[in-house]
Amino acid sequence: MSLEKKEFKPKIVAFCCNWCSYAGADLAGSSRLTYPADVKIIRVPCSCRVNPMFILRAFEKGADGVIMCGCHPGDCHYSTGNFYARRRMTLLFSMLDYIGVENGRTRVEWVSAAEGVKFSETMNSFVEKIYSLGENVRLGDLRCKS
Amino acid sequence: MKYSYYPGCTLRTKAIDLDVYARASAAALGIELEEISDWQCCGGVYPLGTDEIATKLSCVRALNEAKEKEQTLVTMCSACHHVMKRVNDDMRNVEDIRTRANNYMELKEPYAGETEVLHFLEVLRDKVGFDELKKKVVKPLTGKKIGAYYGCLLLRPSKLLAFDNPENPRIIEDFIRAIGAEPVVYPYRNECCGGYISLKEKELSKNMCEKIMESARGFGAETLTTACPLCLYNLNKSAKASLPVVYFTELLAEALGVLEGCRNENAGVSGAEEIKEEVQKS
Amino acid sequence: MQRIGVFVCHCGSNIAATVDVSKVAEMALMEPGVVHAEDYQYMCSEAGQAKIAAAIQEKNLTGMVVCSCSPRMHEATFRKAAERAGLNPYMVEIANIREHCSWIHKDVEEATKKAVILMRAAIAKVNLNAPLQPGESRVTKRALVIGGGIAGIQTAIDIADAGYEVDIVEKTPSIGGRMSQLDKTFPTLDCSACILTPKMVEASAHEKINIYTYSEVEKVSGFVGDFTVDIRKKARSVDMDKCTGCGVCQEKCPSKKAPSEFNRGLNTRSAIYTPFAQAIPNVPVIDREACIKFKTGKCGLCAKVCQAGAVDYEQKDEIVTEKYGAIVVATGFDTIKLDQYDEYAYSQSKDVITSLELERVMNAAGPTHGHLERLSDGKAPKEIVFIQCVGSRCSDDRGKPYCSKICCMYTAKHAMLIRDKYPDVNVTVFYIDVRTPGKNFDEFYRRAVEQYGVNYIKGQVGKVIPQPNGKLLVQGSDLLDNKQILKEADMVVLATAIEPNPDVRKIATMLTASIDTNNFLTEAHAKLRPVESPTAGIFLSGVCQGPKDIPETVAQAGAAAVKAIGLLAKDKLLTNPCTAQSDILLCNGCSTCENVCPYGAITYEDKEVNDHGIRETRRIAVVNSALCQGCGACTVACPSGAMDLQGFSNRQIIAEVDAICR
Amino acid sequence: MSSEKKQAELIKEISGVNPLKCMKCGKCSASCPSYNEMDIKPHQFVSYVINEDIESLVNSKSLWKCLSCFACVERCPRDVKPGKLIDAARQIVVRQKGQNYLLADEIPELLDPELPQQLLVSAFRRYRR
């Protein structure tokens, strides 16, 4: 292990629903609206498919931030999925906060298929936040760190 | 019913009628108006820049006193109503203004727009109820054709003041009906009288008031009524001012049979001469 | 162990300029399960697809990853290519290295690193993919059209002409819609009834079309190809079969004070009524709110005078349940309420009217029998002012933010018709912009100005001031002359914004069709799928999708019909195999999943389970894969972890998470 | 930043108005009771701010003719509030030293016996720092 301090490059997982946010991310791409490469997107059919377990797993594996994007409330392709997601995440995030994973490391944002700008702005601000928080030290499975 | 009452500068002097009749009527209706202690002038105009704080503090002080007494704040003058409601909205909804104003005020507990502000007309409509008011009328003004003159300050901006429909208001008409008279609806009742412009440009204001008078007369009004001392002044200055203009509280006092009792009290009050002297001295 | 092939696309320079594609391919070979990796200029091209096919066959691939553009773009393409080469299409995953990588990053090293990670996540997922088989569902060869205006009528006729059964459900007593209320139509000035009535007759006479008037959709269940719909036939109080349409009941009815909906409340009608003379069906209904018999129990005159004995006071609402393969929404529009625009004195003066009211005033069957007159005193006007954009293009909360699209043209029409019939009447139009994009539209507007001398003034009106002499003083801007204008008028006509029929929100909810902030139904794609709802099997016809005029509405109605026909022509539909499934060994039948399922796809069955040698009967959740849309709500709600989603399983997503965080 | 640009930004800030929302319909000018007295018309306020021609705006007669009656604010379909722009421009002027539009010395001759105090305090707030 080198003693030199490594530059902090956060690992950020973004769960995007297929119908709105993933399309919003595509629009951000086709509009060439940049955001940091630290963000990696996982496509899910709906924000309600995101099991809190996935988010815990991400932190366990060394993620520094997890963001979940879905359709705007009321616009869910499956009509009610994002409402469930919102409730689940509210609970999960307060629990995470309680055990020391700062609130800033998790976020829920509604991005429609037409909101490429919002997607890019959201990612920029989220990444900025993660940089300001620094590396996540809680929850991480030490065996995953090198 | 007990309310905090903010009379405002003009009701102490030139518009003492508006005040005296209001107090007499309120008493007749079983409404207690408890005057804010050591109130200061609201400024007559809502501060022009969104960045002004000091000019809003006199309102915040009054609003906070009402809050501490857990009372609704009532105004009689349109201008006070306008300024008070808008400052209250700032305190409730604009974080920056709230913080800065509270920093100045050093209150026991920061003020955040908790007080309800009502114009006396709203009290009559929403708290007393025009139907109830009607029952308390002892001397209905039957046969009188009265045009309501709203002006600007009661109505606009409508979203903030939430007073009445700004383009087709009816609260004063309903009031006129409740006291037994006949309201005359005319389209200029929400147009400006010229306001403060009459200080330096009397002609401009005169022209505007003439339009208002003409329209009201055309639709058959015999009297105009208003809640604003400045509107009353400007309308009276209109060259063709053939219609008498009275405060709504005078009509109310008359209908409730308490007019005569308060007539004598305000005789001979004037302010202009004193102000002139004051200014010349300084 | 899977045998995975990785195909990295250059997309010309779209990807290759920012991502080192050969490096990505090289890195792929180091991942578990990968037996083949290559990069190529255009993977989606025929040559690219041939490369994929060749690799599948030569290397005997069991799964593949394409690193390319968004799966929303070409997932279907690559899945078909794989299927042709003998690979199950659900063994294909896409790593989106264009929209999510090359297009948004500039630094080649950084972008390449990210592309590799995205590829790894996709590989990790494919390693856990299983071949899936789409199910099949049947298609009921019958369409439902909601709304019987010109949009609904045209859609119904087009579908029926293709040989399929169609039901129209119309809320009011007659089909015809808004168009039946119009007098003349732009830009040809032919009479609206003359072109609409034959269509109404055609629809009602068509052997494949069945019309439910005075009826509303009550409940919708099912899915594309197999919807079940409850239709409420409101009690008409008149027997449709017995009534001969003689009209005597309407003549004799003593209650004639109900405002006429058809004439926009400008006059009254009887309690038993048909909305207009050409109504289809020509069978009256009794308005029970207005009928003396229903209010007091006395009267019954209509029953007495009806020789056919058709009047039936006992009639009750009836629910009809029907099955449909496709549903077309054609619910149309109404004008907005003007209570937020009192500066135009609409509520203060009878001589301030909306354009739709003017249509009725101009119409021979209208309240003034087609004479242009003031509604206050019946006098002929000499000066008419039109105000444009009343409630349209308003970003405050009083009006609508959109352009209502039809007003510029109908105002030119009204102005022209008035100047033509009453040359001594002056017509002034206050406008903000005149918008005339359409065939022969601008020519039409110019004719109003040049031939008919209509006075167009650029500027909005601030206030309409009723005068004691009954005239209306219009205070407006003339922006080109920089003047404030005071114009005395006898009548003022407001080009009132249009909005979707208020019922559409309720209907959209029943259909799970999405709706925008203005209550217009959303298209599946604004440009490429303009007549389809994102919800499969739901199609959009007419103004319910956005403001449009008659020619556009008819064109869109036809397009919606074609899409519906395309669906009805199929005998079977393939269903998305990415559905939920419950593990019978883990499920404890708690009903949690049932409660969160928006499609009612989950039921419970008693099943015999062999749990490690213990045989017992348990209550187990069963997913109807034809109903399941694959949202995954149940998978997270399930407390025992029995529910999982095929194609997006817990293990697959976790593998992706792990690959990204590695 | 040029001083005109700075002033334009300041007007936008203290008025809380985004002039770019204007669609140039002219409803403000159609509503203004002081229209005929103004050299720069209400609908033009917006373009002066957008074009950063603050010099002309603050030197215009209109600045002192606006009644702050809010008719334009109330009726604007785009929520632009031209009246607030002119209020802000006025603030720019009176906040400068010696630019008060009403001087104390003027007041005695403007008074008459019926004149309400409200008029004086309003005028003070409108015309002076």
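Going by the order they are written in, the chains are A, B, C and D; count residues from 1 in each one.
Here, a contact is a pair of C-beta atoms (placed from the backbone, for glycine too) under 8 Å apart; a residue touches a chain by one contact, two chains touch by 3 or more.
On a predicted model such as this, the values are computed, not experimentally measured, just so you know.
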Could you quickly compare C-D and B-D and let me know which has more C-beta contacts?
B-D
In whole angstrom, what separates the CA-based centres of subunit A and subunit B?
54
Calculate how many whole Å lie between the centre of subunit C and the centre of subunit D, each centre taken as the average of the chain's C-alpha atoms.
46
So, what's the distance in Å between the C-alpha centres of subunit D and subunit B?
24
With chain centres defined as C-alpha means, what is the inter-centre distance between subunit B and subunit C in Å?
50
Out of subunit C, which residues touch more than one other chain, so two or more?
343, 463
Overlap residues in subunit D, where contacts from two or more other chains coincide:
71
Chain pairs that touch, all of them, please.
A-C, B-C, B-D, C-D
Can you tell me which positions in subunit A touch subunit C when the two form their complex?
11, 13, 18-19, 22-23, 25-26, 28-30, 32-35, 37, 40-46, 48-54, 57-58, 61-63, 75, 77-81, 84, 88, 120, 144
Using the touch definition up top, name the residues of subunit B that touch subunit C in the complex.
165-168, 185, 187-188, 215, 218-220
Show which residues of subunit C lie in contact with subunit A when the two form their complex.
70-73, 96, 98-101, 103-107, 110-111, 113-114, 117-118, 121, 509, 512, 514, 534, 578, 596, 598, 629-633, 635-637, 645, 648, 650, 653-654, 656-658, 660-662
In their complex, what parts of subunit D are in touch with subunit C?
21, 23-32, 35-36, 41, 43, 71, 75-79
Which residues, counting only subunit C, touch subunit B once they are in their complex?
339, 341-343, 345, 347-348, 463, 465-469
